[in-house]
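You will see chain A twice below: alongside chain B first, and alongside chain C after that.
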Partner chain A sequence: MSFFLNQVVIGIQLGSQYVMVALGLTLIFGILDISHFAHGHLYMLGAYLLYILTALAKVNYWLALPLCMIALALGGVIVERLVYRPLRDQPHINTFIAAIGLFLFLETLVRAVKPRAVSVSKPIDKTLSFAGFTIEVQRLIVIAGAVALVVLLHLFIKRTRMGTAIEAVAQDREGAALVGINVNRISMLTFAIATALAAAAAVLMAPLAFISPEMGSVLILKAFVIVVLGGLGSMQGAIVGGYLLGILEALAIAYVSSAYKDVFAFAVLILILAIRPTGLFKGRD
Partner chain B sequence: MLELQGVYCNIGKHEVLHGVSLEMEQGELVCMLGANGAGKSTLFRTISGLLRPTQGSITFEGEVISRIRPDAIVRKGISLCPEGRKLFPRLSVKKNLMMGAYSRYREKEEVAAALREVYELFPILEERGEQEAGTLSGGEQQMLAIGRALMSQPRLLLLDEPSLGLAPLVVTRIMETIVDINRRGITIMLSEQNASMALSISTRGYVLENGSIVLEGSAEELAGNEEVKKAYIGA
Partner chain C sequence: MEKLEKYGKRAFFALLLALAIALPWIGLKLYQLRVLTLALAWAIAAVSLNLILGYTGQASLAHGAFLGIGAYTFGIFTERVGLNFWPSLLIAGLVTAFLGLLVGLPSLRTKGPYFAIVTLCFNVIVFKVFENWTWLSGGIQGQKVPCPSFLTQRWARYYFVLGALLLVLVVVRFIVKSLLGITFMSIRSNENLAEATGINSFRYKLLSFTVSCFIVGLAGALLAVENQHLDFTVTNYAYSFNLLVYVLIGGAATLSGPVLGAVGLYYFLDYVEKSLGEYRFVLFGFILIVAIIYFPRGMVGGLSRLWDWAKGRHASYRAREVTP
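And now, the complex of A and B:
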């Protein structure tokens, strides 16, 4: 039983990164109606920035966390402004192509500069054991960090005027412009928040895995499935879907085989979609 | 207060407004009559900045506003209650109203006063304050749309077919409120397909056909005009 629970905790940790990445993706989808396929690659840039800051420039990990979030928030704003906004009134396929182009560009660029995977060390390199549980401290940091950020995001959206404006733009873009909301500014804000969240996920996760140019590809695929599964544009859906996928993966690793973890997890997701094609939660109309 | 001079507007490549000119004085209640597809909504959307005129100018209180964004036009004092309402369906009624005052958030007392006034006009909105806007009935949603448009405390209110799809009793109630809002000093332009009802509350009116103004006059003149009677009153 405690082995099972231990795996569930590890699943929650795996799910934490999915939640953070999928939340950004679903927010952007809600606001701009676009599938921002390069989102995972901005996550990858966040991990490399962490590597540059901590391994090369010897900046403290805890200072690097906010620095990476701020830098990537700016990166997100630039992407919105330069790549997506000019295509705002164009057919969807153009935006789709732009997103794929950005995706390939970033991956190729990083591979050209640094072809081999790198790693960063853990800020607290310890493993806790108690009551049959064994868990690395970094995994607990990931879980706590994700919870803190998700709660902050929730409070921001539900309790502040700017946050409500994000919801308003997502629910009716024209209605939002008519009440005096600068829709472009809200789009930029959304990209900033979403990309900062992805950067936080990258910084929290990086000490547990290798940093490589491809790390964004699989992640974005999973995040995308979570967003569809949870209901496009639904924040609740991204949270539940993200943790669900993480737990399924951890159980698959423990009870089936780590080679088949993605197969198993995706199979369950496809099954859920077959039963509920609109996703678990109601997103956009 | 508002002046349009030779306003042309395209939707895509298709020219919808062909040189519309009109003028409104402070305090008026003017109706814009026209059949479905005449260009009423396009005209209102152009005034509120959602569409850019390709030619011509729009002047509000002496300032040219034909080139500025919709959110800036709201701050100048023009508010559009659009066709289809464009509410935020999953936000509460109260949040919808508060979003209406988005750009005035610093003026806490004035916003609170505006909210009280909206609740006074439509008490049902206060009762339903915590409910999601999407769960309201059609008539209540229209009241919310008008209330939200009032929250920015506009000097000019554009109402695009507020009676569309509503039961006759609700329409009467909404028309009474429009008169009430106008009495409180807000200039109103109202678009309608139902001419007799619109003319009964307006001081003046225009008739729009295929993107051009073909007739204008006082409410009595238009109500007595044979063409208007034939085309829009169904006599």
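And now, the complex of A and C:
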């Protein structure tokens, strides 16, 4: 039983990173109608930036966290400005193809510069054990960090003027522009927030796994699975879906097979879409 | 003027074809011939993707998987089952088409980027299965593919793949110019409108996808013959992206675009391998972004725009752009 509970905790930790990445993705989708396929690769850039800061420049891990978030937020703004804004009035599929271009560009660039996988040491390298549980402190940090960031994001969107403006643009772009909201600024802000979230996920997760140029591609697919199943543009859907997928995956690794761990999420997506082509929850279409 | 344009175009393609036929005899190195043969096989795959992406408007990101499935089906039936070349080639196409039908049934119910994501998920599954199921893929050793006696010469394989490409182009041209092709294009332009005129869009999308998978399965078999060896990386989803780039850079929804894109880019990437190393792949993504923003109709679209401009029709072209 404690083995099972242990796996569930690991699943919540896996789910935490999915929630952080999927939230950014669903925000961008809900507000800008962009299938931002390169989101996982900005996450990957965040992890490499952390490696450069901590392993090469010897910056403290806890200082590197906000630095990575700020740098990647800027990166997100640049991406929005250079790649997506010129395509705003184009068909959906064109933006998606541009996103694939960005995805290929970032992955091959990082692979050409740094072909080896690297790792980052844990800030608190301890393992807690009590009542049959054993868990690394870093996993608890991931879980707590995700909860803190999700609560902050919720407060920002519900309690501040700017957050309300984001919600207004998500509900009705023209209407928001009519009442004087600067839609371009909201687009940039959304990209900044979403990418900073992904960077935070990368920084928190990096000590637990290897950093490689490919780490973004499977992650972004899973995030898309979560966003499609949780309802397009729905933040609650992303949160519930992210934790569920994490737990399912941890249990599948423990009880079924670890070689096929990435297959489960995608098979579930195909199965569910076969029955309900618009996803489990009806989101914004 | 119209006639001149038509004949000019025909003369241009006849010249290209003559060049392609003459190539092995005008001092091409054996290695370059091999690169060109592979490029032509990729061109067949790109033409097949163009049918579903360019003409029917559904961006499949599973064609890398279907290419690998075709290649493996061919390899397994020739080497392990011991069938002859021609029946194996047919089976490779049919098995790929059947799997395409099975995948299309759930995935074609989704639209736009979601279809792309679902098909990409399928490609990842196929890749993982081939990576881990060593009985099927032959593991790290891979799968040997025998070469039939009439294709042991390099130039013979070159002409064979060139002939296959021409045949596929003729078939796709026939489809595209027929009522069926117009139906596909009506779904691409406006699916709801197509439905309103009584077209069962799902059924036609499925047909286009299945035919496209049949052709990409053949392309995979031809790649296997040229390489005479296969491993699980042939199902990699990176190839789905490469095919997408070939089609879009060349010019989607044109007959010559995917061929020009595939042959041109494949040959170019091989050419710059020494000077650019790993950085050559970075160009892929960069070119794709620039192309989709500035030349959404690809190389062929860019060329016809240049042609229009040269004829002094630039003004009317702009007008057409503003009022679709």
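As a working rule, the second predicted complex is superposed on the first by the 266 of 285 C-alpha atoms of A that agree within 3 Å, B and C clash if a C-alpha of one lies under 4 Å from a C-alpha of the other, contacts with A are read in each partner's own complex, and residues count from 1 in each chain.
Everything that follows uses one rule, which is that a residue touches a chain if its C-beta (ideal position, glycine included) is under 8 Å from a C-beta of that chain, and two chains touch if they have at least 3 such contacts.
Predicted model, so just to flag it, every value in this text is computed and none were measured.
In the superposed model, A:182 lies in contact with chain B only, and not with chain C. When the two complexes are overlaid on their common chain A, residue A:96 makes contact with chain C while staying clear of chain B.
Once chain A of one complex is fitted onto chain A of the other, the partner contacts of A:168 are limited to chain B, with no touch recorded for chain C. Judged by the touch definition given at the top, the superposed model places A:126 against neither chain B nor chain C. Using the contact criterion defined above for the overlaid structures, shared-chain residue A:111 touches chain C, although it does not reach chain B. Of the two partner chains placed by superposition, only chain C is touched by A:228; chain B is not. Once the two complexes are laid over each other on the shared chain, residue contacts for A:263 go to chain C alone; chain B is not touched.
Ranked by how many residues of chain A each touches, chain B and chain C are led by C. Residue ranges of chain B in contact with chain A, taken from their complex: 48-50, 69-71, 74-75, 79-80, 82, 85-91, 95, 98-100, 102-103, 105, 148-149, 151-152.
Those residues of chain A lying in contact with chain C across their complex are 35, 37, 83, 86-87, 90, 92-94, 96-98, 100-109, 111-112, 115, 218, 221, 224-225, 228, 259-260, 262-263, 266-267, 269-271, 273-274, 277.
Residue ranges of chain C in contact with chain A, taken from their complex: 57, 59, 105-107, 109-110, 112-114, 116-118, 120-122, 124-125, 128-129, 132, 241, 244-245, 248, 277-279, 281-282, 284-289, 292-293, 296.
Remark: chain A residues 161, 164-165, 167-168, 171-172, 174-183, 285 touch chain B in the complex.
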